[in-house]
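For reference, the structure I am asking about is given below.
A, B, C and D label the chains in the order they appear, each numbered from 1.
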Amino acid sequence: MEELTIIQAVNKGLRRAMDSDPEVLLMGEDIGKLGGVFRATEGLQKDFGEDRVIDTPLAESGIVGTAIGLALYGYRPVVEIQFDGFVYPAFDQIVVQLARMRYRSAGALQLPITIRMPFGGGIGSVEHHGESPEAYFASTPGLRVVACADPTDAYWMIQQAIASDDPVIFLEPKRRYYQKGELDTTADLTSVLPMYKAKLLVEGSDCTIISYGPTVATALQAARLAAEDGVKLEVIDLRSLSPLDLETLKTSVMKTGRAIVVHEASSSGGIGGEVGQCLMQSCFYNLKAPVLRVTGYDTPYPPSRIEDHYLPDADRILDAVEKSMSY
Amino acid sequence: MEELTIIQAVNKGLRRAMDSDPEVLLMGEDIGKLGGVFRATEGLQKDFGEDRVIDTPLAESGIVGTAIGLALYGYRPVVEIQFDGFVYPAFDQIVVQLARMRYRSAGALQLPITIRMPFGGGIGSVEHHGESPEAYFASTPGLRVVACADPTDAYWMIQQAIASDDPVIFLEPKRRYYQKGELDTTADLTSVLPMYKAKLLVEGSDCTIISYGPTVATALQAARLAAEDGVKLEVIDLRSLSPLDLETLKTSVMKTGRAIVVHEASSSGGIGGEVGQCLMQSCFYNLKAPVLRVTGYDTPYPPSRIEDHYLPDADRILDAVEKSMSY
Amino acid sequence: QATALQRQGELGLWAPLLGQEAAQIGSGRALEAQDYAFTTYREHGIAWCRGVDPVDMLRFWRGTMHQSWDANLHRLYGYQVIIGAHALHATGYAMGAQHAGRVGTGEPGRDQAVVAYFGDGAMSEGDVNEAFVFATAYQAPVVFFCQNNQWAISEPTKRQSLVPLAQRAEGFGLPGVRVDGNDVIACHAVTAEALNRARSGQGPTLIEAVTYRMGAHTTSDDPTKYRDGADDELWRARDPIERLRIHLQEKNVLNEELEAELAREAASLAERMRVSCRELPDPHPLSMFDHVYAGSDARIDEQRREVKAILDEEGVS
Amino acid sequence: QATALQRQGELGLWAPLLGQEAAQIGSGRALEAQDYAFTTYREHGIAWCRGVDPVDMLRFWRGTMHQSWDANLHRLYGYQVIIGAHALHATGYAMGAQHAGRVGTGEPGRDQAVVAYFGDGAMSEGDVNEAFVFATAYQAPVVFFCQNNQWAISEPTKRQSLVPLAQRAEGFGLPGVRVDGNDVIACHAVTAEALNRARSGQGPTLIEAVTYRMGAHTTSDDPTKYRDGADDELWRARDPIERLRIHLQEKNVLNEELEAELAREAASLAERMRVSCRELPDPHPLSMFDHVYAGSDARIDEQRREVKAILDEEGVS
């Protein structure tokens, strides 16, 4: 057991993946000497060399496109996209080339590529540094999209993502990078909870709060506050945004009859709507209230001085709980 | 009144828009002498000249990026993306630059750009020629996303899209391009149904079928078949995929208590989930059954020899109606 | 077999390579077994050189499969439709060879090179230019073979560039070579040399093969709308097959007998294709649910069951 | 005011331009009122030349606005953070000028040109290379001004290209010029000439201004992790401000008095910025719902009401 931050856990996980599989390569902008703008790859180029920790030219489509070639050759590239807002130039390579290779080749070719991305807002930065693009990827068949919310998941899930034979979009909760937690590295990869499973964090009987990434901590805070008023919230960390672990969600909502999905991304077209629709289909008779959404609003990300009003907080979750209970 | 096809109506609409506004420019690959691979711009370069109907180099990001510059100068570019599957290289320019310009500049700058795109499958073609990328755009704040389903809407909506001061993604139902219909061109643009409104096509009391683009014809066919068995389906053409015209949908579902969303795009993360979630929130007590989805499956688009099994047809819609009624 | 290929070009069930036989066969024959190639939808000549059965090529065009042949077996990636995307895949694959120590060893049969084939229009796509950046940055063993067939559907090459495309190379710091794309021997020579440079660790090369698209862009295209016959005439006179025939006749390699035999071969191949094409089996509808992910997926399994039920009703097995 | 600008560079509330003053002021001063410019997050010197109040520049960095100034008023697009994206916007804007007949008329003050400013790292992005393609294809009146400050955050220019960046131009068919980016007079001269070419209808130009990023990439960067002080020393000796000072002293343009006055100006500006910065008003929370669309939108209106209710509860007006 040791205490470390999410970013340190990512770094440790990457190191272990590289230790255990020589085919694992890291690619990205400024990941070498600098160790990445968030230091996720700190020290790795020093220890694994410049051809396993590759500083690339400044071109995202080029990074993902060449990673695809490297994967076809037999490597396991782990690509870092420096910020969520800079992934779009690589969109064609990700959703058209990367996501479909296995399908297109009827299983003959596979691309075990992991694309790491810090995501979400709340760090007081300028435009393009606080985005939540997860829905674009979650709605793309062939991609696996996962998000970690604590050091333990950061450490194990990044290794599971790299070990996966499918391409994985790995989302890291930027503003929680320095959140600390206990980490036990002794377990082995196959024995820990798989990344495609949702995780029940808090049991409760009144209403299910479903979240992922940076808003998991917000949901937990809301649960603590609600408990003080005797309201028992059940908190689930979705972890896998695509495919969804509907079984775990269904079991919970069958019990509580109420659900609220929380994320920073806009409501419209976000993960919340898909989760809500699936729950309506699978728990129709058990729903005591419509599934509700507490999310970022349907606008582009606002200037940072007012971002706190845009991001979901515990109060907004509790208001939604009240609304749900009022049905 | 004259009878013409959807593609002819698009051509006529573009011509009228260019006649009535000298700032309107067309840009795209092969839209000049060739008149576009579907002939949407047939004859327009001959009549309006090479600097109003511009054949561009083969680079989608470049086309949209330069269209943005032209719009900043004061023009109204209408961009043709040759096929749905080729829009992704322009994704950054569309969702990061085009969609946010008004917001980013606090209203000082606007980009009245229309991006035309044939979409949907069913034409027996090769990979990348049968896609439904609408959800990527509909979940992007700042973009308006509309789809036409008949010659009348093709003619008027393309003109409304061009006249709109917001950027518009204009989706044309590829496999219905040669569907004929009566068109009355005498009305004027402001008097016809606005493109952001959904349209009630068939009144019915049992179940609401919500669709857009190529599957509207499928929904109408299902309604005819159902009528023979005495089941009264209400058919709505969504037309605007973002923003959604919830009022029209709500009014219908409040009455029928049942809704089925039909589209070619995959279920997960598609328009159907968003519509379903919104209806659950607005019609909770009136829903007699969960909103159901009849869509393409959660796979990449399959080889054309089996695409008919992938695309929603009247039978699948009727099965869903039965399922909905069984609740 | 160039003759046979021309016949294939005339099959017209696809994007015809008519007029570009020399560029494709000439360069394609320069690849060694351990090399790897990435092509567009028009490089049937390359596929032929990599040992792909022309009948298999038809699977893609008939719509029975997204990828027509086994990429691993032929060391040839399937037809790429997204213009330029594969230039980056080729560059990455070449970086892989480098990383695996399969470059510059000098051991015969060990050193690898990669070729990316694309057209004049592709030179405008960001991906192709980014590929030049990565290839030079890492000095990857990749050869970019651009067939300038004068047209990108209806757009002449000058819409993409006012200067020769080979000149693009210098600007990125890789050598650029311009070759007569209708001279099969020249195309073979420049490609072989570029591949040797790549394998021996001297880095990437861009080759522009100047040729002409004699046919329509694809079978659904109508060139009369955008180009007059004049050029066609000009280039018909430069027909690469005809040039090769005359050359081989002068060298007394090709005689009536051999020609007749080739013609027979071509005819029978054409016949076999006509027949086999119609006989290509359609995939089973349920196969559309296979290979989305490595493992199984609950959503997809449920959807498969749904379609299975429909098929059972319809009595499809 | 170059001195004042240096002071600003030292403010360090943002991406400092320290070391690049000559490249920016020299080229920025070459623009005429009717021209238009597109810049990255580092071109404060250009903004200064376009008449933007340094205090306004801070709005973006403080997070009170996405765009710091009125683009229409200053004929200068706001800071672009997405590397390379604006090279296409500049090219399109130049195509607009062309289309509007504002090129090659010879009427003073009528002909327009556009400048796109970006860095050495941006040269690798597809968008920048596509901009070269479009600019040459239409011979648009645009000048691409690349400040090669030797670094893209932690990556040296050689990671992007092994050959001089100016050489990239030839490959696309536009002239490429390399200039000493620390010589304010030279930067002014080459930019003025390129702008004249553009305005008179002779097409685009690429200028590479070789300079050095003396400071950190941004205030959250730590250059000691990836570069040693040696270069810094080398380039400090080439400080563009110092060079200009000596030059002006020799020409007797700059004397103690004037210097002292400039220093006072700079100091008071720095002071004003320090003060005003803290006083920059935060936007009203509800403003985050404005300007998503031209018209109103039901979803957004509902969400605005929701936040309004919350604010009312909290007693925020």
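Methods note: contacts are C-beta pairs under 8 Å (C-beta built on N, C-alpha and C of every residue); 3 or more make two chains touch, one makes a residue touch a chain.
None of the values given here were measured: they were computed from a predicted structure.
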* To do: If we define chain centres by averaging CA atoms, which chain lands farthest from subunit D? Would you check?
  => C
* Structure fact -> Averaging C-alpha coordinates per chain, one finds the centres of subunit A and subunit D separated by a number of Å equal to 35
* What is the distance, in whole Å, between the centres of subunit A and subunit C, each centre taken as the mean of its C-alpha atoms? -> 39
* How big is the gap, in whole Å, between where the Cα atoms of subunit C centre and where those of subunit D centre? -> 43
* To do: List, in ascending order, every residue of subunit C touching at least 2 other chains.
  => 65-66, 82, 124-127, 130, 133, 137, 159-160, 287, 292, 297, 299
* **Junction residues of subunit B - those touching two or more other chains** => 56-57, 59, 61-62, 85, 89, 92, 96, 103-104, 127-128, 141-142, 243-244, 268, 298-300
* If you connect every pair of chains that touch, what shape comes out? Choose line, ring, star, complete or other. => complete
* To do: Under the touch definition given earlier, write down the residues of subunit B that touch subunit A in their complex.
  => 61, 85, 88-89, 91-92, 95-96, 99-100, 103-104, 127-128, 135-136, 138-142, 242-244, 266, 268-270, 272-274, 276-278, 280-281, 284, 289-293, 298-300, 327
* Contacting residues of subunit D [partner subunit C, same complex] -> 123-127, 129-130, 133, 136-137, 159-163, 167-173
* For subunit B, which residues count as touching subunit C in their complex? -> 29-30, 32-35, 37, 55-59, 61-62, 85-86, 89, 124-129, 267-268, 297-300, 302-307, 309-310, 315-316, 319
* Asked: Which subunit C residues qualify as touching subunit A in the complex?
  -> 65-67, 70-72, 77-78, 82, 85, 87-97, 99-100, 126-127, 130-131, 133-134, 137, 287, 290-295, 297-299
* Contacting residues of subunit B [partner subunit D, same complex] -> 25, 51, 56-57, 59, 61-62, 64-75, 89, 92-93, 96-97, 102-110, 141-142, 144, 164-166, 243-244, 246-247
